[in-house]
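Everything on this sheet refers to the single structure shown next.
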Amino acid sequence: MSVSVAVAGASGYAGGELLRLLSAHPEFEVVTVTAHQNAGQPLAAVHPHLVSLRHLVLQETTPAVLSGADVVFLALPHGASGAITAHLPDDVLVIDCGADHRLTDESAWAAFYGGEYHGAWTYGMPELRLAGGGTQRTNLVGATRIAVPGCNVTAITLGLAPGIAAGVIAADDLVSVLAVGPSGAGKSLRTDLLAAEILGSASAYGVGGTHRHNPEVVQNLTAAGGSGVTLNFTPVLVPMARGILATSTAKLTASAAAVREAWETAYADEPFVHLLPAGTFPKSGDTTGANTVLIGLAIDERAGRVVVVSALDNLVKGTAGAAVQSANLALGFAETLGLPLDGVAP
Amino acid sequence: MSVSVAVAGASGYAGGELLRLLSAHPEFEVVTVTAHQNAGQPLAAVHPHLVSLRHLVLQETTPAVLSGADVVFLALPHGASGAITAHLPDDVLVIDCGADHRLTDESAWAAFYGGEYHGAWTYGMPELRLAGGGTQRTNLVGATRIAVPGCNVTAITLGLAPGIAAGVIAADDLVSVLAVGPSGAGKSLRTDLLAAEILGSASAYGVGGTHRHNPEVVQNLTAAGGSGVTLNFTPVLVPMARGILATSTAKLTASAAAVREAWETAYADEPFVHLLPAGTFPKSGDTTGANTVLIGLAIDERAGRVVVVSALDNLVKGTAGAAVQSANLALGFAETLGLPLDGVAP
Amino acid sequence: MSVSVAVAGASGYAGGELLRLLSAHPEFEVVTVTAHQNAGQPLAAVHPHLVSLRHLVLQETTPAVLSGADVVFLALPHGASGAITAHLPDDVLVIDCGADHRLTDESAWAAFYGGEYHGAWTYGMPELRLAGGGTQRTNLVGATRIAVPGCNVTAITLGLAPGIAAGVIAADDLVSVLAVGPSGAGKSLRTDLLAAEILGSASAYGVGGTHRHNPEVVQNLTAAGGSGVTLNFTPVLVPMARGILATSTAKLTASAAAVREAWETAYADEPFVHLLPAGTFPKSGDTTGANTVLIGLAIDERAGRVVVVSALDNLVKGTAGAAVQSANLALGFAETLGLPLDGVAP
Amino acid sequence: MSVSVAVAGASGYAGGELLRLLSAHPEFEVVTVTAHQNAGQPLAAVHPHLVSLRHLVLQETTPAVLSGADVVFLALPHGASGAITAHLPDDVLVIDCGADHRLTDESAWAAFYGGEYHGAWTYGMPELRLAGGGTQRTNLVGATRIAVPGCNVTAITLGLAPGIAAGVIAADDLVSVLAVGPSGAGKSLRTDLLAAEILGSASAYGVGGTHRHNPEVVQNLTAAGGSGVTLNFTPVLVPMARGILATSTAKLTASAAAVREAWETAYADEPFVHLLPAGTFPKSGDTTGANTVLIGLAIDERAGRVVVVSALDNLVKGTAGAAVQSANLALGFAETLGLPLDGVAP
């Protein structure tokens, strides 16, 4: 007997990707999809690529519509999940793809988001190494409220956490630059997201450490054992619909061999995170549509820095795939159930 | 009476861009174009976009064919310029777009290139600030042998040199990540340069400080007054034919105001390098086809780092435009003659 | 107990896509992968996106290596399948993604391909309507030798066949122009397939009816009942890794209502081919990674022509998906088994 | 003494391209730029690529602001030029890049545009062959009101007119499919123009002969001598910022040699329109930034059709370049003055 699922905010890119994954999942059945502006439309009008779900119609996003489902995925604008969740039963599994419940530090919330602070939920990054040993996946088993990490956050965190946890890199002068596709910005009608603006061009935004994902990375790497974690990161928008390629660097505090060993150990048994052989580096396109993170590692002896290149699909492991992976853990399914490992490439 | 020009290696991307600029230049006349594999073909078969020069035919790249021109531009593979140049008269202006004559330090050459060391020529970056005051442009006046900088080098150097020269940033822990288009790799038949591989994907190469442009940036920033210059840089290949967007960062050693002032002062009167207003950052596409560098600057107070984003067209200011600009200076023409300022955007 | 599968030519794009689909298929197990130049390499070196199959190593493409598998998929250059197939047992299911066994007319083979004619195998397009009623799927049940259609062929044929079969359009003046991605040309080291050449540009090839897929469409539409089938078709290479969007047009011979009805009837029960509502037209990207064809239909009353826009993924429904779909039918599995319906979009 | 120029609607893509060309033109000086929503902003905030004009500020689009200039270029939404032009002196040269004054047939206007009919101005396509002999350029000399053709219209018309004028193709069953970039749709905030929607995908619009450019092509080809001109045309949006590649086809009514000769004769002396050698076909990217049209021609003997592939930059020869070229003719300058011939490629 399958688990019934509702997706709120189904007309956006994250919502669409949740539906694509959930539709192929053997234990979930999508029964309810909701939207705001597009409520009342057939799903096929908004997401013609979701052929398997073309029988669905978008409804209004209200607690009444969402209740009744065993699991509710929220893919709403920041700040919108509180009003919904307050009206859902405690035993419904709620998985929020937005930022509202990610930060444990209210002052960080105030500094980067502002507005009402909603408190933190169980953090949906199973592979995050924790200072005391083990990973975050233990905390997800049986959880009923889960906050899905930000996409850039996942790329940087999974890139650097093994070195932080093993104490082989310094945490206090991290620099990360990410090539990112425009789907990460959502289906927003902004001039800078028009195809004519983005085709043939690269541009940086959130320059100077102002991006909201900054405190979330700091929180993660602190949890991994980092002390005085400081990160400068810059996302660069490039002409690919999906994908993140994060180039992250930190000062070395150990030998080259010890450094590589830290990552090898951390990810040896992870189903979705893979360290590539020495000398090889990932392409973001190799993770398209998959819940996979590919990582390449190099040491710059001259600069005394490790360089970690991590690739993922912002809509899958960066959002919807992490949500489903966390749901699998919360509900006691196999963690990998229904999640593609192989990217759609080229 | 116009100056006669020969372009060796005319069938590649750098060669084609030299021809496009030279054809529109009021003082130069292209009389000779040479190639290797494509010798004997009409130029129009290789560069159908160069309509104004479709009367030309590609000849063999030999000293005999090239001699007779007042100026010879070399757009050859690394290592190929020596054999040609040895046979050209001393008073012919020779401008080498390759790497053979860029490095003044033979040990750096040995470490990153290897093979015979050819010695350094006058370096073709007019805007480079020099430790003793002034810029490199003075050295270019009357020069007869000029080495054109590497494209990534120009983006990083012009991004960071003002801060180094003014002493407001530390030179010993520079990190730079560049989004670059595949035309920078030339017209090479390599699987990783196929369109199907690059469309929809970003990938890093030369990771770990191994890229050959590294010692050239160190040389430049040392010339600008940097002490113990150390750079970690990573180019990331993204799906745009042309363009570089460099995100470069350095530790602050002065106040935010002093930092911005350093860049403002440095580029206030530069015709081709422009600092954007605070809070705005460049798109690489805004420089397409132009000899322009656009720079945005931000300060990350938390991380204690300045972040400089610099955009240019790798084939113009990164190669062919710098070559023509240097030729203008060498021959006593106005520095800006024949060089487009406005990008072809969107 | 799963069916063992070998894929010959596994290092190319079609081979890689076969592996992606087969790996996710519940009844197939990939036991052997072969290549030519890449033999001896781990599959992960050639296809890093195929994480689930990274334990495999590429072997030489020989009959001995391939025999033993229950099913052999061939993704070889044209002309290479004959030598292999002759040495495989008759009861092994062989599915050829190349052109060698598609054409029933030897003179058409001679005119467009040349070289030895290999004879036609059962044609792997289940949805093709046949003049006598029914579809080609019946012929595929129990087949042991299957020729997979060309990708452009599938887009044009499935676009026009319903109208031909229903007699509502004329078959003698068909015009089709296709926007296609470069993966359709394979992983060939050709200058015109370099990313720098294709990014930012569209170009036509095979202009003037010379493309080898022409006689195959004629064969199909003749099978569908067309008389004097004549097609002018032109593929246009555009900057997207995958996908085909075919715009096909034919003279009307019936009323607008009768025309739309022909397509509605033909595809009402097809699992993979879907007619969109009137006034809507497909995007090729909506089929990425899926075995789906999306079709939009309009009538140009002024010109007396129907215009059919059909979208598919050249590597899935255009090649590897059609191969798996045909294998499902041949072996008695559900036709849709293991084949994704939902595209990876955006 | 230079000619003073005002550009109305300067903040859009057509307006920006007009400014880029005018800024490089030796006889024009841009004195006034106007906008609607962006009035009051520095031009550099809207078009950072126009470095040479960064001293300008956008003003309101009113007759008072525009009057005083010797030439006024209008790059306004359809329907907006009438109210402006009525208040400009008769001797000011007004060049409208919009559709308001293109159609000579009021009923065609009513059928495809609707609203008030404004009457036709002198048509700005110098190369259009006229039935009585000669070309449209004669009519442009001394004109004071000029309507710039539509971008798709130019690609199709210049592709087919020579054959129509020479009587070697039939005019009554023309089919044209165009690969077009999204800049042709302007800087409109529409979901379907977002980068995430367009990257990796091709899609058709205006399917079924509904595109407003249809009657304009019919008008042109009738002027060229066509009888009963009927056109089915479909634009296909592809992931490139600029450019049009039109594949146009018509029934042959003469021998292959006579057909090729018609195009050769027509364009032998044209500065901006070039027929490529037999067997070669253009890439749209070869015309980027240039006022050039490249044409390839093939004959499909089986289908009895000629196929003409024409490439141009929609913002240059498709809009702003045609405007400047027409202005040159109207004012008695050399037709080619200030217009680039060479594309920015790759």
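Per-chain residue numbering starts at 1, and chain names A, B, C and D are given in the order in which the chains are listed.
One rule holds for everything that comes next: a contact is a pair of C-beta atoms (placed from the backbone, for glycine too) under 8 Å apart; a residue touches a chain by one contact, two chains touch by 3 or more.
Worth saying up front: this structure is predicted, and the values here are computed from it rather than measured.
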Labels of chains that are neighbours to subunit B and to subunit C: A, D
Matching chain pair for B-C (criterion: over half of the contact pairs shared, by residue number), options A-D, B-D or A-C: A-D
Remotest chain, subunit B as reference, centres from CA atoms: C
Computed distance of Cα centres, subunit B from subunit A, in Å: 38
Subunit A and subunit D: spacing of chain centres that average the CA atoms, whole Å: 45
Per-residue multi-chain contacts in subunit D, two or more chains: 13, 183, 196-197, 199-200, 239-242, 282-283, 285-286, 288, 345-346
Sites on subunit A touched by subunit D in the complex: 13, 181-183, 187, 189-191, 193-200, 239-242
Parts of subunit C lying in touch with subunit D, wherever the complex brings them together: 173, 175, 177, 179, 196-197, 199-205, 207-210, 214, 230-232, 234, 236, 238-243, 245, 247, 249, 251, 281-286, 288, 296, 298-305, 307, 309, 311, 345-346
Subunit C-facing residues of subunit A, complex: 13, 16, 20, 23-24, 45, 47-53, 183, 199-200, 241-242, 274, 276, 280, 282-283, 285-290, 292, 294, 340-346
